[in-house]
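A, B, C and D are the chain letters, set down in written order, and residue numbers restart from 1 in every chain.
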Amino acid sequence: MTLALSRRAAMLGAAATSGSLLFAGGQAGAQQKPTELRVGITTFLSGPASVFGVPARQAADLLFEEINKAGGIAGIPVRAFYVDEGPGTDHLVGEYRRLVQNEGVHIVFASISSGSCLACTPLSDEMKKTTLLWDCGTQRIFEEGPHPFAFRTQGYGTPEVLAPLLYLLKHKPEFRSIAVINQDYAWGRDSWELWKAGMDALKPGVRVLAELFPRFNSTDFSTEITRLLALRPDVILSTSWGGELVTLIRQASERKLFERSTFVLPVAEASLQQLGKAMPQGHVIGARGDHWNNHPKPKDPARFKRFVDTYRAKYNEYPIYPCHHMAQAIAAMQAGIARAVAAKGGGWPNDQELANAFRGLTFDSPTSSITLREDGQGLEDQIVGLSTFTDKFAFAVPKDMVIFPAAMVSTPVGQKSVPWLKSLKPEILDQMPAPIAG
Amino acid sequence: MSGTVTAPARRVAPIGEALLALLGIAAVILAAWAVPWLKFILTVALAKGIAVLGILLLLRAGQVSFGHSMFLAIGAYTVAFLAPALPEALLLLPLGAAIAGLFGLVIGLFVVRYRDIFFGMLNLALSMVLYSLLEKLYSLTKGTDGIRVSGLRFAGITPDLATQEWVMFGLALGLAILFGLLVRAYLGSPMGRALAGIKTRETRLEFMGVSARRVLLAAYVLSAVMGGVAGTLVAMTSRHVTPQLAYWTSSGELVFIAVLGGAGSALGPFLGAAAFELVRVYAAAAVADAWQMILGAVLLLVILFAPGGLWGMLAGRLGRRP
Amino acid sequence: MSGPLLSARGLRLAFGGVKAADGIDLDVMPGEFLAIIGPNGAGKTTFINMTTGYLKPQGGSIAYDGEPILGLAPRAIVRRGIGRSFQLPQLFAEHTVLENAALAIAARSGLWSPLTPLLRPAWRAEAMAVLERFGLAPLAEARADALNEGARKLADIAMAVALQPRLILMDEPTSGVAAAEKMSVVETLVRVLREAKVTAVFVEHDMEVVERFADRVAVWNQGRIAALGPPQQVLNDPAVLRDVIGIEPAHHA
Amino acid sequence: MGAWFSENGLLIGLALLDGLANAALIFMVAVGLNLVFGVLRIVNVAHGSLFAIGAYAAASLGLFLASLGLPPAFGFAALVVAAALVGGLLGPLIERLVLRRIYGQEEVLQLLVTFALFMILEDVQKLVWGVQPILQDAPMKLLGTVEVPFGEDTIPFTAYQLFLLPGVALATLVGLAWFLRRTLTGRVIVAVTTDKEAAMAMGIDAAKVTLLTFTFGAALAALGGALASPTTSLVPGIGAQTIVLSFAVVATAGLGQIEGAAISALMIGLGRSIAVYLAPEFEVVVPYLIMVAVLLVRPQGLFGVLETRRV
């Protein structure tokens, strides 16, 4: 039993189990093709963000099963090693090392939390291990310095905030006051900073009536809602997600806040199934990407449908955006490895060669094509719309959707997001595609 | 019953203890050499062991600090805040320890007036104040995402990754030995012996002309210093600090480790920390979404069936040898 | 002859409606053995507690060696040379008898370096010497909580004596001690205290002990001193016998 | 000052209404914790898990009843039944299987045993209810909203939070006070709390009282969770937050104090709400600052009695 685990016994155990792996994951020289493709995946399996982490893991399980049935990647089966982000960053950096040094993974999918990404990316530099940032959104990653082994296979904070902002400016140009209620952590703070930079450039003079950052993982927003009811802002922005967003929307709609103010909810998509019919209509909602269930023109409708249907059949719920982000990372990995193997004439790439294959890579998601720029950032389109109900879904979906091309709403390579947003001119609104009814 | 958490079950001859310590040191070095990723885990375990030594001191006085990881966080954030301006690890280490010690003195002057549940809860409350501030003062602390520690120098040299890992491991091991010996001496000194008096016979201490509060305060400050040292080591090893370090469950873990290892010897905390980290890592690897349950079950079993902790079990075995 | 070592005047203290001290005047002369007797609740322990700083009287004064000590913390009073022992022995249960004694010696010397072992040779030798005087040397390595009641009482007093007080206040030093060993315990005690020239005040219920060892007896009743004088005189006072002791001691005839 | 007040006075008034609901929920949890401490002398860290499980059970039961097509009013029954079930099943289970083995042992062990239970129960919640937010707010919706005048404006509050939560908390407080003072069982609990040895010497079956109290305390925690469930979505981690707040309430109140728990819950609930208006950065720190400030002045807590403890 574990009870009897003395230090010596533990050491012996550790040495024994890892003995065969001591020399795994070597770097240079002639690479022998491994017998399996080892993928380390960090995701939330505990704590509040497990509402993202667990569905994403389910999506990965499902896709890996499909891939392995179809012969694996480059002819070898895929094996996933999951790591829980829940226990905190200091635990995670240890786990990242374990993945690389002990499990000998060939590639790492890192993290939902921006904090985890900020901690893992430097490790990818140091350990020279290709790391796909599969869900985190902080703009700081690639703007604060190069990370030659890290690639983000989806959009990030700037486009995910700018697209709803543009949409709001077009949809409700007359708004004069705003309040923000965000979770108190990097995403909540950063997304407000991005929003405000863009808003002040595109529509100067909007009054900010309240900046509320209730503590992360709050369960009650009654007091904040009372304050917002009393202040009567035209617009309320919230980039919150998960249980907190559900609670906020429930409490606010019960107290008629949605009747007084227009909400902008850039991360709403993941919570709409939970909310069901409780989601008020006519508010701006986003999906951190373009993967809405009612996407008006997905690039590969059959593939999109198959993914959604299989997921639903297996887990009895619709996939949410982290599932799609996971699928994107897996698609990127498939494309990247194929490219690397092709570049080596069928040989197995070393770590450096694998990373090289991802630079500038274009891969298809079910809904569009995503290109990884030279700085590692992926270009993923954004769809924003107004919440509504249709016959097809038991939960809210967007209508009057605008598909924002990724390049239009992403900070150009080499620039930083906040200065770039501050430099925006109202003319950008003219480039906005026309809404699609949906 | 074979002893309890706060009182050694049976005394192991110093020579046996020394031998065990040497054996442990050799095993740790061997493991770190043989299994590279374990080096990281063991460095963190040694660091936490140092913090747990502090918990052990307070446990001897019958007091449980359910907020002690605040000192760990203070040490860690000292490194995170100062590293950009002062990247010299060998200066940051004593600085982190000193600042934690200073906090320990100020907080200690307040909390040593309380005993038992109130002592535990006050420490908990103060650690939650620190946690909330670290989380809330976003412009200073980057909130829950925490601060990355980079570009550390060691005696003016910036080592490569592998070397730095060894340096940190060596530092942690060296400090663990140093503080282990210090605590051992402390527990054998009148100051340490008087701690047990606080648990049951505080009146007698007073009637010996001794201020029980001062006895407890001295131990508290020393434990805060060790918490700070542990924090600096953790920050320099994981190179990323978050407010989570100060959350009450982290403090709970430190007490957990103390009980797991057993308070009978200065070796206990290190036994406990190594076992804790290894169980956590292996449990997390085996069942990523139920590691907490496994740790909880281990803790429960230890308390119910081996309240002397791992050290108690070892001591029991050694004691039976002819 | 010099003045009193301890001098209490007009001590008053009430707990709710109960007067535990109702104008206590008492002088303790250097070198004497003063016994305090009286029924339960008469305020005997309260007197010890007030003298040692554990309780603060509501009125009156206490002087030790001519200087007022009222209001000082217990540990300050101890440092001036007043020791005490307890009705329920207050030993550090997890430590050995030797360590208990050594801790008292360490406390007295005020040497609290965290790196000095408690059992450094000087302290160990002195602790052993104290234990030998009390006949506890064979038990030096036993844990305090493993002792029988008599040994515990002696060890408790030994700790007080190790502090080298000039005055010691003992709360029922023989209570709980088996009848067979009681006299030997008291004899040991008195021998040691006389050797160390310690003045002693002790609360005692056993009239035989009082008669054999006390120089003077103070009779407590309802927070007052009802009688004070040599044992022969006080213990034959019919009023004391009737009101305070309540029963006629069988051996006293 | 006058101008400031006329500007903010109304807002503070609103904050008080929010604080009341908040205080009511904290009280429900803290009072159970305090009751259990009084008799068992154990600070039960797993009390927060019982809160969470009570909330989950109430939501599940409510959703189940709704799926049977029963009217939403059954949601209220679900709250009470779920709390009774959780308290009645988990309470005795924990007390009999685990806590009973550690009575009389060192405090740190008792505390850690409940910490271990907390860790285990956290994962049990995930295994049973998953990680997606669960919500069942039918009871809150059913009661509708009340328009509270605010200058020329009105502010809608849910009747659930404005009336039901404080009402239930008040009823609990009064009922508990009556139970402890007027019923035989209650007096026995008080006797054990005040002096366990004496109570046992009088022939009280301490084992029975302990079991009863722990079950009762567990049910109170579960009821607190059940009552909170309509107002919030349930996610992993709600237990950890609740318990640490309850600690603050209990320590501020004084250990074993029932009425004290009500007053300190009120202080902490109102303090937090007011902080949201005046200094939102410090909202999370307020409960602990209140606790530290109170203990600085009164080391035994607001209503605690030094040395002799009572309920």
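Everything that follows uses one rule, which is that a contact is a pair of C-beta atoms (placed from the backbone, for glycine too) under 8 Å apart; a residue touches a chain by one contact, two chains touch by 3 or more.
Which protein is which chain? UniProt says B, D = Branched-chain amino acid ABC transporter permease; C = ABC transporter ATP-binding protein.
Quick caveat, the model's predicted, so the values are computed rather than measured.
Comparing chain pairs A-D and A-B, the larger number of C-beta contacts belongs to A-B. Innermost chain of the displayed assembly, by C-alpha centre distance to the whole-protein C-alpha centre, is B. Annotation: 36 Å between the Cα-based centres of chain A and chain B. Taking each chain's centre as the mean of its C-alpha atoms, chain B lies 32 Å from chain D. Averaged C-alpha coordinates give centres for chain A and chain C that are 76 Å from one another. Within chain C, not a single residue touches two or more of the remaining chains.
Residue positions of chain B with contacts to 2 or more other chains are 132, 135-136, 289, 292, 297.
For chain D, residues touching at least two other chains, in rising order: 122-123, 126, 284. In terms of which chains touch, the assembly is arranged in some other way, matching none of the line, ring, star or all-to-all patterns.
By the definition of touch given earlier, these chain pairs are in contact: A-B, A-D, B-C, B-D. Contact residues of chain B toward chain D in the complex are 4-6, 59, 62, 64, 66, 110, 113-114, 116-118, 120-122, 124-126, 128-129, 132-133, 135-137, 248-249, 252, 255-256, 259, 289-290, 292-293, 295-297, 299-300, 303-304, 307. Across the complex, chain B is touched by residues 37, 43, 45, 98, 101-102, 105-109, 111-113, 115-120, 122-124, 126-127, 240, 244, 247-248, 250-251, 255, 281-282, 284-285, 288-289, 291-292, 295-296, 299-301 of chain D. Within the complex formed with chain D, the chain A residues making contact are 45-48, 50-51, 53-55, 212-215, 217, 219-220, 222-224, 226-227, 229-230, 232, 242-244, 246-247, 250-251, 254-256, 271, 274, 278, 317. Those residues of chain D lying in contact with chain A across their complex are 11, 14-15, 17-19, 21-22, 122-123, 126, 130-135, 137, 140-141, 145, 150, 153, 155-158, 161, 228, 231-238, 241, 272-273, 276-277, 280, 283-284. Residues 7-8, 182, 185-186, 188-194, 196-197, 200-201, 203-211, 218, 222 of chain B touch chain C in their complex.
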